[in-house]
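In the two complexes below, chain A is the common chain; its partner is chain B in one and chain C in the other.
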Partner chain A sequence: MKDKKNTEYLISLFLSIFASLIIGGFIMMANGRNPIVGYSSLINGAFGSKYNIATTLAKTVPLILTGLATSISFRSGIFNIGGEGQLYLGAFGAALIGITFVNLPAILGIPLAILFSAIAGGLYALLPAILKVKYRIDEVIVTIMLNTVAVLFTGYLVNYPFATDVGKLGATDIIADSYQLSRLVRLSTLNTSIFHVIVITIIMYYLLERTSIGYEIKMVGQNLNFSKYGGINVKGRMIFAMVVSGALCGIAGAFEVLGVHYRFLQHISPGYAWDGMLVALIVKNNPLGVVLMSIFFGALKTGSISMENATGIPSELISVIQSIIILFIAGEAGFKAKIKNYFAGKGRRKKVGEENA
Partner chain B sequence: MAEKLIELKNISKQFPGVLANDNISLDIEKGEIHAIVGENGAGKSTLMKILYGLYQPTFGEIYIKGEAVKIKTPLDAIKLGIGMVHQHFMLVPSFTVAENIVLGVEPRKNMFFTNYNQAVKITEELSEEYGLRVDPHAKVESLSVGIQQRIEILKVLNKGADIIILDEPTAVLTPQETEELFKVIRSLVDKLGKTVIIITHKLQEVLALSDRVSVMRQGKMIGTLETKHANEQILAEMMVGREVLFEELKRKNIAKKEVLKVRDIKARDNRGLMALKGVSFNLHSGEILGIAGVEGNGQSELLEVLTGLRLAEEGSIIVNGVEAINKEPLEIRELGISHIPEDRLSTGLSRQATLTENMILGFHRKEPYAIKGIHLNRKKIRERADRLIQEYDIRTPSQDIIADNLSGGNMQKMVIAREFSFDSQILIIAQPTRGVDIGAIEFIHKEIVDKRNEGAAILLISADLDEIFRLSDRIITLYEGEITGEFLSKEITKNEIGLYMTGKEKALKEGGR
Partner chain C sequence: MLKEIINLTLLQHTIRTATPLILAALGGLLTQHAGILNIGMEGMILLGAFFGIVGSYFFASSLAGVLLAVAVGVLIGLLFAYFVIDLKSDEFIIGIAINMFAGGLTVFLLRSIFGVKGAFSSPDIVPLPRFNFSFLDGIPVLDTIFNNHTVFVYVSWILVFLVYVYLYKTPYGIWLRASGEFPQALETAGVNPRKMKYISSIFCGIFCGFAGVHLSLGYLTLFTENMSANRGFIAMAAIIFGRAHPVKTLIAALMFGFFDALGIRLQVVGIPSQFTQMIPYLGTIVILFIVAKNHLSKRRKVIEGESYNE
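For the complex of A and B:
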């Protein structure tokens, strides 16, 4: 719902991004590089050609999914930090389907693989959710630890029972042809999963913003007592949010297998779930914000490589810029209060008062 | 009298986004009882915290006996003879009275150990000197609120205070304890020449006790008058800045029908102690039943059991013939019970949600607001919010403002609007006007009585005895988880009720009538 706060937040978000880009520029200058050259090669690298745009979008796919996963879980006040583990299990699940049912036609096989990965990720998130609502065991700790379990477990699976015959790759066999999503632009890994992601985003937006379930999830996350008092099934909503979150991470894994690598790899994710979490945090769990911010992050990633090639500025600078954005956003409330105070003339006040009255 | 003991000159205090004190000047004379009144958020406590060194003023000066002083910490204030009794007591519950009184200025046997006998002696001497009887050996946790307050006052006196600031001292007291406190304050001033500043929003108490009264509103000092020239009407108008009508609430006689039958409820509090030890009562349509009691005698637990937020160990709740004990909140709502919780901030609303979002709770799965119970119909939801904002006179620039930006009174109106719009037969209303400005209090009281006149059955729980008396048809008293009496409100006085509230009197129980 529209709100003055949202506009204010957008302004601070853009200011944060702008400021961190400027700071990034100073860092370039301190290293004796020209920031204008640096940034123009970055933009060029991200959007300069059809191939570059495709690469940017390809990097965006997993971010959107893990970002949405974070949004729904954080909105409901239960914190799924286990996206990485769910992603691994989902990816492995998709690969398993793809090497097992090799004769299925694409129209059955691909949905089956996606569904199976969603179930794998969802179930893996269900466990901490139940521990949380039944026994009040902190879900943050549990999900973090389950990440390691999933990564090592799938690592074992692809090195022993499901290892490919071609050599010691730490990977499964290649999935059957019918499972491989088609590439959209030559040489880039952008594939038809982007269309699936568009559909998923629309569904998630609808669910979170336009349905009573989305409303309940939001209220549960904002005020537990209020939700109980209002008759919301608080535990049910938390479990639901967690499972959907896990399923989305699982699907993110599936697309890495079906669309990018065509097999499960031992280190299939460079931390997509963590990046997705950053994305969701920056846009305060807004589903449309997740899409835009994911594209921005994807562009930074793609562009930074061209920047490094063209100017020698290390691509790690991008991590610095991302971190600075986070720092600014974290300080948002404080900055805003300072600015407001500065402009607050006499006689202008919202609420007056003894703050503990 | 006219010697100026304290002069506050042009004090301003800026908090982030809020100017809590705006250019305030105030003189306190030696040997007077000076009341500071104002609504919640008027800046009274802030001003006193500045005087006590808890806050630093953004601008302004403080003079004590004509000398400019800087009060940076409460220690400075104590050295200047200023003591403060806070609204929430600062006592160690597991310590004895004597230990609490000497806390911070303990007499010592040697470097490490407190001389307990000496502490007892100090306590006895103080108690003697000021005529405030206390048992030095009693543990504070076992004492009533009134006695605890007495200990707070002794603690302040022990530190040599000549000027005593009391912040909302009667908020948690029974009428008897209040009377007792006033006697103590009077004698401190008349016999011992102390000066007392009392912060309150209860006008009757101001008129009964003080010599002079200063009124604050929205961070500004509106004026100071001699109490003998003041009356409730004048003070109320100064507090809210417009005319306040204390209208008589019109009651209609309504055919009474039993709608809620509560029998022998037993439940534990959060610490696992028995908070309700068998509570029974009946509630009828067209009546307001007030539950009077000092806070912490089982009211919160009773509310929670009735609304499904806490499990009872035993008992039964019959709503129109249907058993409702230990049902889910949603089921209870569907039986026709609405609830205005005692703490609007923690339970009644979500501070980060907009008014619209706050007011749709409970309707968010119902037609026409949710098509097929799932697709939110934004248009209808917004129309409803607009209508309620109008009907309940909620002052807000828009329905898209988040609740946190509303004043206490408007937040409460929002909660009431939502709950009343369920058109439930039974309303359980707790602390409806706590922290609400006078204008809104009038409005809320009228809405409650209107609901009664329309035939709703209303259970009212309030720490404010005046409110209970003003609204209720019938009153029951709750003391330590038991009902100690039941009365028609026109047949009993506040003082009598006070005795039942503290368990000093107990009417024969017959398991409800």
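For the complex of A and C:
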């Protein structure tokens, strides 16, 4: 039964992606471009060379982390929309460690920076979690509001007390050398954070799919009352899920600092947490699905640049396609019900007709 | 220095910056009453701003800009309603999708129609007309408050009144509120709650379109990427603050507009503006907290009372 449902969902998923890409193709044609040329240059741009593959993977790092963050929170039925804010605080936290303890060796400094960013992100998620379980305040609204607060707050920090002396950048100083994660492929920003991400993914998979905590989190999200009567500490599990979610977003921010920019920048994230959320939504919070879909999204992002260079189609077409995928997926259950109703209705009418005859 | 910050310009800026918030919030409170939390307002405003520019540029008329923005607002409102009401999709996922769609589409079209990145401005874009009541000329404060605004400033004030009358003085308003609070009762009364929800969603799209046009064709005639700049979320905050009452929401929006304008003035004199900008967001959380706490303590009293009776 479950397998059948999963297969059905996979079919809808592929149909949604396929349909969205077709729509994207029509948009290309409306712009007077050849969609076959467009898409082939996109694929080539995403996977065509070692450098391109590395760039695609580099793009997947923040997506996987924020996607996993979304998975654990959405599974428990508490909706963390505040990933962007947690990411900013985590990123700043990592940079703060990197410019403060400049003499620490890499083996101590990097874990410290990652830990600190996780704590910053986790604590920032703790507040809406407590407001939710204790006062029943809608966490969606609170986390949305906290996003902007974090962006403004870090914006203040890097323009005033922690502003770099070199130029007016809206950035901190460069972090010490020992904190800078090494790059793996020349010219690409792919760095050793990808190995951390692999480890984190395995841990998260294990936690969500193979432990009783993961099972309880799922139960809380699926049936709150049942979980309560079953003796699950519902509030505790929700808070746990939210804090882990925030910590993962914080770590995503840390890797942007330690691996990509080597400093905190005022606008360090172009919306990674939102993209990660979409990734998780598309694969229904499945941790392995998050990895695959992140690679797909990363490939679209990387490939879109080559597509633009080859055909002149603006790379932003990709975000249009991505949001159409989301619409299809979000409406998936509804579409299915509609189609079933339609056929059921047809069948009934036929029957009535037969009876009359 | 205080004179540089707090002066009549601040008042004028407050009215200007509050207007898109008021317009969007009026739309959002209609869906709120219909039981739908619309976080897609951010994207709806952005689409309105963009298509306002498109209409005004190609038809050399600001009215065409407004009409195009309204048409797009209706379409996006219908899209939102179809997914949330008919397909029963999660309203906040659809909201996020609309925000992302609007962000991607406007930048994509900005580049494919106008061939520019970041921002588009042209002398061929016709701005919205400004109004001047000559009898107020020269009267110090009133002149600043009421004169020399674009049409949507006045429209927003009129709409507050109209929405108030609609919600509380007409049967349609009662139906709309019932569609959110108690749809079964409405159905029993022979009114289709689905229809009421659709109407609220379409109006939300239109009002957000107005808000967008005010941004792009109002005081500066240009479109910039992501020009809605969180206004959809601040509008949502205003709705929560005003507990979805049009007049109270208006006051909240004016207050947020004031803090925004104050932030700009502070920046002019070199004081960090981030903290004044935070006020709407933090304030919303505080309000939610106060409301929830009162609600909880009331509930507790009721429960204690019950156990006492036993």
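Keep this in mind: the second predicted complex is superposed on the first by the 334 of 357 C-alpha atoms of A that agree within 3 Å, B and C clash if a C-alpha of one lies under 4 Å from a C-alpha of the other, contacts with A are read in each partner's own complex, and residues count from 1 in each chain.
Methods note: a residue touches a chain if its C-beta (ideal position, glycine included) is under 8 Å from a C-beta of that chain, and two chains touch if they have at least 3 such contacts.
In this text, all values refer to a predicted model and were calculated from it rather than measured experimentally.
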| item | value |
| --- | --- |
| First (chain B), second (chain C), both or neither touched by A:A310 | neither |
| First, second, both or neither for A:D138, with chain B first and chain C second | second |
| First, second, both or neither for A:L146, with chain B first and chain C second | second |
| Partner chain(s) touched by A:L123 [first = chain B, second = chain C, both, neither] | neither |
| Contacts of A:S319 with chain B and chain C, given as first, second, both or neither | second |
| Partner chain(s) touched by A:L21 [first = chain B, second = chain C, both, neither] | neither |
| Touching both chain B and chain C, residues of chain A | 337-338 |
| Chain B - residues contacting chain A, complex | 14-20, 22, 40-46, 218-219, 307, 309, 328-330, 333, 339, 341, 346-354, 356-357, 360-362, 364-365, 370, 373-376, 378, 400-402, 405, 407, 435 |
| Residues of chain A defined as touching chain B within the complex | 1-5, 210-216, 218-219, 222-223, 225-233, 337-338, 340-341, 344, 346-347, 349-357 |
| Partner chain C, residues of chain A touching it in the complex | 27, 31, 79, 81, 131, 135-138, 140-142, 144-146, 148-149, 152-153, 155-156, 159-160, 274, 277-278, 281, 313-314, 316-320, 322-324, 326-327, 330-331, 333-335, 337-338 |
| Chain A partner contacts - residues on chain C that touch it in the complex | 37, 39, 83, 86-90, 92-94, 96-98, 100-101, 103-105, 107-108, 111-112, 230, 233, 236-237, 240, 272, 274-275, 277-278, 281-282, 284-285, 288-289, 292-293, 296 |
